[in-house]
Amino acid sequence: MIKVLFFARLRQQLGMGELRLEDFSGTVRSLCAVLCERYPQWREHLDDDAIRVAVNQELADSDASVAAGDEVAFFPPVTGG
Amino acid sequence: MISHKERIRYSRQIMLPQMGEAAQEKLAAARVMVVGMGGLGCPAALYLAAAGVGELHLVDGDEVDLSNLQRQVLYKTNHLHKPKVQVAAQQLQAANPGIRIHTHMAMADEGWLLERLAGFDLVLDCTDNMGIRHAINRACRARGVPVIMASVQGFSGQLVSFDFRRDGSPCYACLFPEAEREPAGNCETSGVIGPALGVVGSAQALEAIKLLVGLPLGSLDTLQVFEAEHLEWRSLALGKRRCAECREDSAASTPDLRRNGTTVG
Amino acid sequence: MISHKERIRYSRQIMLPQMGEAAQEKLAAARVMVVGMGGLGCPAALYLAAAGVGELHLVDGDEVDLSNLQRQVLYKTNHLHKPKVQVAAQQLQAANPGIRIHTHMAMADEGWLLERLAGFDLVLDCTDNMGIRHAINRACRARGVPVIMASVQGFSGQLVSFDFRRDGSPCYACLFPEAEREPAGNCETSGVIGPALGVVGSAQALEAIKLLVGLPLGSLDTLQVFEAEHLEWRSLALGKRRCAECREDSAASTPDLRRNGTTVG
Amino acid sequence: MIKVLFFARLRQQLGMGELRLEDFSGTVRSLCAVLCERYPQWREHLDDDAIRVAVNQELADSDASVAAGDEVAFFPPVTGG
């Protein structure tokens, strides 16, 4: 199982802060693809150059690998103040 | 030297084992620039002034607006339409007459900052848009001045610090590359809950004090993410990712040429 | 009804999808008591006043002392030796003339609170010792008034809320039993870093706003622990442990006799 | 392995915020005993009625069981303000 977290405006846009995914193994990019297939309305929000990804609390590229037990966090920049 | 009155004023922090009189003297000797005196700059500057940071430079080109008062806690209703930096300086100076406060009624950009950053120990980025954040990042990087960057929108906050006194420091662009378009939304267009600014702005002042006295930071090369709706605080390390400019710098400085980096931990 | 000016003043929070005008009206109708106007009460009350909480009661028997100014950000150097509640009320009223502020120059104890708590929507515990915390806990429990309790010492903070409008709510004594002796240390004897109070006091105001408008709390029946040295925030749930008095209450109220509990989530 | 965390004044008193313990299985009480045996100077700080314990982020009694993979947090009340 992998744990997927969403932060900042993604929480409102996706209507969810956290989800768990059984039996996934692949890259960050393929994880995104799996999520957007399951929730097509997420594509416009996740498929955005501004979104960063952390795997196990460390910033990761889209070709980083994700396997059982990992925590993947998607987050946009927050720029207000 | 710390006077008798100062020893009383700052007694509750001087008595902390992590602080002491030496730390108080470091705070008194520090020059800090706060860019943006809005929802983050207000609490951050309040706590830095109270703690006895010797010289504060407040930078903001705005005047106090009625819609600011829900969260910008240095301003009162009779301050409407006055320059924020002027009101803030009055308030902070009244709180602590023993520090020096300079005001800059200006919208900082990269050139403005490059001209003025020499001799500063620290910059707090309390601004409200991506363009100025990247300008602050570039200017601090060029001048070797550490920066603590905070931001809040809606119920969500972020905090991250870069110590550009060190060679090989990552920068804000390593985390969020300079995009062609500004991401949607700031407090004006998407709203913000006031106390989340208090949480993140105070955390920014906390990290500032720790950096100035030489204690380790929790936000160094690490994005601290605050979600006020669930009162969650998470830490995401930057790791080894570097932007093109940081990669170039790092390739250019061979080990022999590197000066000893000053670290904050 | 929200006036045109109020709609501008509070626009940045009214536009939040979690808030809206209905939430603003709930804040305007709310009566909140802040017990203790020290390092936590200052930021907590500042953000509640700014957000438009309709009626604030400030409770503190102390006068402003020079050693307070390092962290109690409502007070300025010319306020020395004045009653804290009087100065705080002036400052908050100037920030927001549209709310009602009442001052109580008194050291609250259980009897004092029991006499006055009827009709309050919420109490913020911003006090500085274990004895008064337990007294606030007992009085709020007896009167069915929710309480948000915050504390900071050194670089460490705690935040926990109990919604005594619900039957079967745990209480502060379920977490920390009333001990015979006072645990060692408060800010006076062990020191405190100012901005940690800003972080925790602002978080307390955030939880207060959420409770008053009916959003879920992160600190309900859950101890939020803040460690400023590492900028760590952790959540420890109270679980099923209950003090003797809560166990007794729970045994006494059979399901048939229970009124419908109002929950905050 | 179990993860042991200390909060608030315990961090200063024990000089440590976190430690990892291999091959422990028992109760919170016996965990305390193991720690105080290894660090005798900790006894006066840990053997204190005011100290609470959480196992896996939930408050626990001293006879709660602790096994591999658990996180145990020791914390005193913080009362200043």
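To keep things simple, chains are lettered A, B, C and D as they appear, and every chain counts its residues starting from 1.
Operating definition for what follows: a contact is a pair of C-beta atoms (placed from the backbone, for glycine too) under 8 Å apart; a residue touches a chain by one contact, two chains touch by 3 or more.
To keep track of the chains, here are their UniProt names: A, D = Molybdopterin synthase sulfur carrier subunit; B, C = [sulfur carrier protein ThiS] adenylyltransferase.
Because the structure is a prediction, the values reported are computed rather than measured.
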Touch-connected components when chain B is not counted: A | C, D
{"item": "Euclidean distance of C-alpha centroids - chain B vs chain C, Å", "value": "28"}
{"item": "Chain centre separation in whole Å, for chain D relative to chain B (CA means)", "value": "36"}
{"item": "For chain A, residues contacting two or more additional chains", "value": "12"}
{"item": "Set of chain B residues in contact with two or more other chains", "value": "154, 187, 190, 192, 197, 229-230, 235"}
{"item": "Chain contact graph, described as a line, ring, star, complete graph or other shape", "value": "line"}
{"item": "All pairs of touching chains, each written as two labels joined by a dash", "value": "A-B, B-C, C-D"}
{"item": "Touching residues (chain side chain C, partner chain B) in the complex", "value": "5, 8-16, 18-19, 43, 46-47, 50-52, 66-67, 69-71, 73, 75-78, 91, 94-97, 154-155, 159, 187-188, 190-199, 201-203, 205-207, 209-210, 215-219, 224, 228-233, 235"}
{"item": "Partner chain C, residues of chain D touching it in the complex", "value": "5, 7-9, 11-12, 17, 49-50, 52, 54, 57-61, 73, 75-81"}
{"item": "Residue numbers on chain B that touch chain A, as the complex places them", "value": "36, 38-41, 126-130, 133, 150-154, 156-158, 175-177, 179, 182-183, 185-187, 190, 192, 197, 223, 225, 227, 229-230, 234-239, 241"}
